[in-house]
Structure formats: C-alpha cells, structure tokens
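These notes open a run of structures that come right after.
Two complexes, one shared chain (chain A), two partners (chain B, chain C).
The block that comes next holds the complex of A and B.
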C-alpha cells in the first residue's frame, strides 16, 4: 500500500514540475542511513524519483512554507501537516494560490531514530483521529473512515490530578534538563516570528544563560504562544534532544481551548483563532 | 500562617478603570494593604502573559490584573481579549505548579474605590494564609 503512495506522489510531482505549475516540491526522501526519511526539495523533474512516503516520514514539512512564501510550491502533507498549512493560511503567512497540497492518507508514523526503526507508532499517532487530511488539492491514498476517538488527554489528566507541589517539582525537573538549543522552536510550523521573544535584547525577557528560571520562562511562553494554534504534530517533542515532554504542555492548552472555546486548530483556513477573537456574552469565570 | 509574613502582590491596573479605582480609594481615604505594587498599563489587554510569569519568577506571591468591566473598556474591546487570554492562562499556571489563588483577574471601574480596597485586602489575606511560594 505504501509503495502505491510513493508512486502516486511521484506521478503528481512529475506532472506539477514538468508543467511548471510549481517551482519546487517539498517532500521526503530516504535519509543516508537507508532507513529513515528526511526532507527533500525537488526542483527538477529528474529529482522526483527520490520522493518517498512511508511510515518513517515524520517531519512536518509545512515548517518550510513560510521560508518559501515567495515561490510557488507543492508540499507533501500528512493530516497533521495539512492542519499546519491551514494554520498558516488562517494567520495570513502564506498565500493559498502559491501552495499546492498533496495530501496523504496517513497510516501513522513509527518511532525511529537514526539507523533504527521500531514498529511501534509514535504517541501522537496512537491518539490521532484524522487519518485523512482536512485540506488538500490532491489526495493520495484511500480515505479511511474516522476512527472512534481514544481518550486523548489521559496523561494530561493524570498530571492535573497531582498536588501543586508535585506538579511544581515535576516541571522543575523537566525544565532543568533543557539546554535551550531551541530545536523545539525550529521544528514548529507555528513558530515563524522573524524575531523570537527570547532573542529580543531590549527588553531582554530571557537571559541567554542556561538556568532554571530562564528555561522555565522559555518553555511556558513558548507553549502559550502556541495556545489555540498548536496542531499537535508533536515535532517539537521529537526534536528535543533531552526528551522534555513538551506535548504535556501543548496538549494541556489544547484541551483547555477545546473546553473553553470549543476550538481545534488547523481544521479550516478561514478559522478565527480563539485568542484573536471573543464573544461579548461569554463569561469564562474571570472577575466574577 | 507565618508570623510577620507579608505577601507581595504585583498589580497590573488599567489606566482608565483599575488605576482610577485605586486612585479614588486614595482620594477617598479608603485604606488598603500596602502589599500591592501597582504597575499602570494602558489597558488590561496590554498585559502579556509573559509579564505575569515574570512577576512570579521575580518573587511575586500573587498577581492581580484589573481592568474595566466587560463592555466598558476605554478601547471598546481590549478587555474581551484579556478575558479569553487569562481564562486560558489561569488553569495553565495551576498545571505548572502555581496555586490558583495566586492569580486574579478582576473588573474594577473608576467609581469602585471601595471595591478595589476590599479586593486588595481579601487577596492579601488569602495569600498570607497560603504562605510564600515554595522553592522548586
């Protein structure tokens, strides 16, 4: 089945490049370990035979769309990736007519590191409800019926049930490991600011030293800047070299956004993001 | 309660309501605890969650954001955004290990000097009972 996906992607990519409908195809190719996948930018019809799609294609390629906003590109997008495309469109970061989305019906992505593949699905894929992209121009694969949702926030609820002191120590331990490489930011399709708040010098919100308070500040604000925007591709957590459970932060906010505003990010390109809008009559338990 | 412990509160007060309310408390000679350190902001919508987190990190025991009542914002709709933002931040703070009682968003109009005074008193009392923030 996956060979079929690769073939269909290659055919479409060749057609798009040959007809010069797009300047570039952003897709996946086999990494040099011969097992995992890495991003590929295909500019020539000759490049398209390098394109692949299988259960190792973990990257969220929509990360590159903002950099490529001045050219016309096609992108290979899994369901979560296509939600990120919707987010970028909703936030007016890219133009619809300059991006062609090759949506892929996703079989779920497996855990893999350099030179080694596990057969187990990634945590995000075990919780995934959408195997068909919510938006695409061309669909590869057969749409599947939506699966009944699993309880997606059980680990968040477990942490919520702990005492304040336990939660405080838990996060202090997690943040203490951070080396502030900002790989989480670099992997994130929603983190596209040209100047990130951690790099501002006047005022300098976050010192450059790697220290508990600075680390904590970075992680809280990073997560909150993605509140109501995060599309749960979990690439931040995968990119983290010290295994900080960033999805516990992101999914807590995702859960609260769903409860408070009945909103899930990335399902529509016209959506108004929850913190960029309001309803006069809502109450929300603030100041009453 | 710890003997002699005085909680520190950082208060972000909007220029048009919260701050004017505090001012009215002053000119009306209504007393309120000196535990609050007031920072005047143009609108409660100006209060970035970053300022709240920074306050806690720099040693605040409690943070208060006070703005105009919804529907009465000087800038028409600034406080509606405040409301959404902090409705989301509040449970997130708790999740990170900052007690729910340590953060408050309140609506105080320019005529509510009394309310402001009562608010600061009750907040101070509550924080004094809670004690200082635990070192992580």
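The block that comes next holds the complex of A and C.
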C-alpha cells in the first residue's frame, strides 16, 4: 500500500514541477541511515524519484511553509500536518494560492530514531482521530472509517490527579534536563515568530542562564503560546535530545481548550482561534 | 606485561575517588546516559554507546557565573569566580577526549580563558576505550581512534571482566590505585572499525566551495535549532549577559551557537549571516576549514552525535562526501 502512496506522490509531484505550477515540492526522502525519512525539497522533475512515503515519515513539513512563503510550493501533508497548514492559513501566515497540499491518508507513523526503527506506532498516532487530512488539494490513499481513540487524555488525567507539589517536582525534574537548544521551538509549525520572546533583549523576558527558574519560564510560556493552536504533531518532543515529555504539557492545554471552548485547532482554515478572539458578550469569569 | 584492574576493583577504586573528590561519570537519567556527578560507584554505567551530551559541560558549563560585582561599605568589589575542588571525569571515550583537546586550542591559547583553564587543571581524565563502534561513528577519519589514549590521563580497555590500565600522564599515574592493580599477560582485543569518511584534502576542497548553492539547498531542511552545537564535543561558542539585582551584578555566560538567528546580529541590526544557508555553512566551515587553517587539524572528532540527534538528518559525513564530489567536478 505504501509503495502505492509513494508512486502517486511522485506522479503528482512530477506533474506539478513539469508544468511549473509550483517552484518546489516539500516531501520526504530516505535519510542517511537508509531506514528512516527526512525532509526533501525537490526543485527539478529529476528530483521526484527521491520522494518516498512510508510509516517513518514523521516530520511535520508545514513547518517549512513560512520559510518558503515567497514561493509557490506543494507540500506532502499527513492529516496532522494539514491541520498545521490550516492553522497557518487561519493565522494569515501563508497564502492559500501559494500552497498546494498533497494530502496523504495516513497509516500512522512508527517510533524511530536515526538508525533504528521500532514497529510500534507513535503514541500520538495511537490517539489519532483523523486518518484523512481535513484539507488538501489532491488526496493520496483511500479514506477509511474513523474510530475515535479511547481515553485520549488518560496520561494527562493521571498528572492532573496529582497534588500541586507532586506536579511541581515532576516538572522541575523534567525541565532540569533542558539544555535550551530550542529544537522544540524550531521543529514546531506554530512557532514562527520572527523574534521569539526568549531572545528579545528589550524587554528581556528571560535571561540566557540555563537554570531551573529560566527553564521553567521558557517551557511554560512556550506551551501557553501554543494553547488552542498546537495540532499535536509532537515534533517538539521528537526533536528534544533529552526526552522532556512536552506532549503532556501540550495535551493538557489541548484538553483544557477542548473543554472550555469545544475547539480543536487546525480542522478548518476559517475557524476563529479561541485565545486570539474577543467577543463582547464573553465574560472574563473574574467576578466582573 | 600490562597492568589490569578487575571490574570489581574498578568500582572500589571509583568509590574511593568519590570519597575524595568530585566524580563525573556516565549515569542513567530518565532513560538517557548522561555525564553527571555521581555519589555511588554502582550508579556509573560502564557499557554504553555514547552519552547524549559530550563531557565538555564539565569544563564549559551550559551556564556559568564569570564574576560577581558587589557593593561593600561603599566600595565596589569585583570577585572573579574560581573552581578549586579536584575532579575526576570518568568514562569518556577517546573521541570525547580528542574533543577536549580541540577546545583547548582556542580556549587555552594566550590569553587563556581563566575559568576553563581552572576546570581543566583540576580534572583528571579517565577514559574508556570503545568495544564497539556505533553506526554514526567515524572517529578514525578525524585523527583519533576507539583505543586512542593520547588525550587522556588514563585509558581503560575492557578485556572480559577486567580492564587494561594505561596511565599516559604524570597526573594519571599519581591517581592509580597500586593496591588494586595487577600485572597480566593479557592483550587488548582489536579495536572496532568505525565507518571511514573521505576527509583527506577536505580543507583545500572547502576553500573552493564557499559560494556553492549547495549550502542554501542543504539549509532548506535545517531547523536552525542549536541541537548539533550543544551535543557537539568541539563547539565552544557562548553568549554573555549581566544579571543585575539589588545585591549586585553577576556576569553569566551560556552556550550559544552560530545556528541561532541572532548570533551575528550587530548593534544597529546588520547581520553578516542573514540567511539560513549562510548560518549552516558557517558550522561546517568552522569545523572543516577555519579551525584546521588556524590550528592544524579538523574541528570535528567523529563522535557522530550530530548525525544521531539532528531532527532533520543534516549529516556531516554526507556533507564531506558531497563537498569532495563538488571539488572533483570543478577540477574536471
């Protein structure tokens, strides 16, 4: 089945490049380990035979759309990735007519690191609700019936059940390992600020010191800036070299936004983002 | 005759060292093997591929106070930071030891970086020869080897349940536990053979590749995080900031990398490396061109950490191959 997906992607890519409908295809190619995948930018019809799609294609390529906003590009998008395309459209970061989305019906992505593949599906894929992209221009693969995941927030609920002191010490231990390489931010399609708050000098929100207070500040603000925006591709956690469980933080906020606003990010390009929308009739709930 | 120590006696020796001084060694932390301060020899991991972070953190910490300024009775006092306690760094592989030797060149050249020099002077390096090479390893192409004792004070090589002990410096010899070491006829097993990378002539070829569009195409997929630089045993760039509060001022330095967007931004906003391609190129020119032009050998030691951990598989081995091919094409 996956060879079929690769073939269909290559054919579409060749057509788009040959007709000069796009300047570049952002897809996947085999990584240097010969096993896993990495992003590929194909500019010439000759490059398209490098394109692949299989269960190691983990990257959320929509992260590159902001870099390429001055070109017209086609992008290979899994359902979660296409939700990020919707997010970028809703936030007016990219223009719809400059992005051609080759959506892929996703078989789920397996756990893998460079040089090693584990056959188990990634945790995020075990919780997947959309195996067919919510938006695309051309679809590859056959849509199947969706089965909603059972208890998608069981790990978040476990953490919520703990006391404040227990949660504090859990996160302090996790954040203590952070080396502030910002791979989590750089991998994220939602983190596109030209200057991140963490690097601003005036005002200086957080210093360069790598220490518990600064690390905690960085992680809390990163997570809050993605509240109601994160589409749970989990690229941040995958990029982290020291295994900080960022998905727990992200999904706690995702759960809160779902409960408070009945909203999941990226399902439509027209949706109003709950935390970026002000309605006069809304009450702040602070005893006003 | 060679000197050997049994695994059991090695742990006793380490326990003894822990009682006398700071011991930094590979130990488990949330499923990762990281160099960290250990308080029990039993926590030390003796068999591992490579730690996620290199041991440079012990000499050039992620963050470190350089000096403090305080007011005392109307006077302003500047107090440089000092490090005094003796330290043993145990368990580094020869590639990481070579990494320390690489960083020594810019940081110990006069005028030496004072704190770095103090960290180095107080530390004895006890290395472990590699019994196997990872798929990402290429140390033998970078001027070291899985059994290279040359940048260590002591090298241990595992043979069955014992370790051959080679003390190569006076500092190393002074630390050896004579009561725990035996003489033996055993010889070291042949070292593993890491993959070879064509580094011969790379410095010359790099000279001609600066303007190649190769770099901007490669940078398409680069995320421009600092991960490669932070896991690297030879990257040594840092940023400096003053922390001011009522008690005084602390001048702090933290790791920084040429990949981050603000790294070369100057006052007034001008940035000599404004594009992703220019920034990514800098990483490889520093290691494969500028560093060897200045110091006579490559600024990479082939530990393979960047290969293993880069989230988008920017692979220095592949880059060296590609640049050699570019060089060969331009000669035709």
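Here is the rule we go by: the second predicted complex is superposed on the first by the 278 of 288 C-alpha atoms of A that agree within 3 Å, B and C clash if a C-alpha of one lies under 4 Å from a C-alpha of the other, contacts with A are read in each partner's own complex, and residues count from 1 in each chain.
In the analysis below, contacts are C-beta pairs under 8 Å (C-beta built on N, C-alpha and C of every residue); 3 or more make two chains touch, one makes a residue touch a chain.
Since the structure is predicted, the reported quantities are computational estimates derived from the model, not experimental observations.
**Q** Report clash or fit for the pair chain B and chain C bound to chain A in the combined superposed model.
**A** Pair status: fit.
**Q** Which of the two partners, first being chain B and second being chain C, lies in contact with A:4: first, second, both, or neither?
**A** The answer is neither, since A:4 touches no partner chain.
**Q** Given the touch rule stated above, what does A:217 touch, chain B (first), chain C (second), both, or neither?
**A** In the superposed model, A:217 contacts chain B only, not chain C.
**Q** Treating the CA centre of chain A as the corner point, state the angle out to chain B and chain C, nearest 10°.
**A** 90
**Q** Does the superposition put A:185 against chain B (first), chain C (second), both, or neither?
**A** second
**Q** Check the residue A:171 against both partner chains and state whether it touches chain B (first), chain C (second), both, or neither.
**A** first
**Q** Give one of first, second, both or neither to describe whether A:63 is in contact with chain B, with chain C, with both, or with none.
**A** A:63 contacts chain C only, not chain B.
**Q** Have a look at where A:241 lands relative to chain B and chain C in the superposition and call it first, second, both or neither.
**A** A:241 contacts chain C only, not chain B.
**Q** Please give the nearest C-alpha separation between chain B and chain C in the three-chain superposition, to the whole Å.
**A** Scanning every C-alpha pair, the shortest chain B to chain C distance is 12 Å.
**Q** Just which bits of chain A does chain B share with chain C as contact spots?
**A** none
**Q** Could you list, by residue number, the parts of chain A that touch chain C in their complex?
**A** Residue list for chain A touching chain C: 31-33, 36, 38-41, 59, 63-64, 67, 113-115, 174, 177, 179-183, 185-187, 195, 199, 207-211, 235, 238-239, 241-243.
**Q** In the complex formed with chain B, which residues of chain A make contact?
**A** Residue list for chain A touching chain B: 159-160, 164-172, 197, 205, 212-213, 216-217, 220-221, 223-224, 227-228, 252-253, 256-257, 260-261, 274-280, 282, 284-287.
**Q** Given the complex with chain A, which residues does chain C contribute to the contact?
**A** Interface residues on chain C, with respect to chain A: 29-32, 34, 52-53, 62-63, 134-136, 217, 220-221, 223-227, 229-231, 239, 241, 243, 252, 254-256, 260-262, 276, 307-313, 315, 317-318.
**Q** For chain B, which residues count as touching chain A in their complex?
**A** 49-50, 53-54, 57, 70-71, 77, 80-92, 94-99, 104-107, 134, 136
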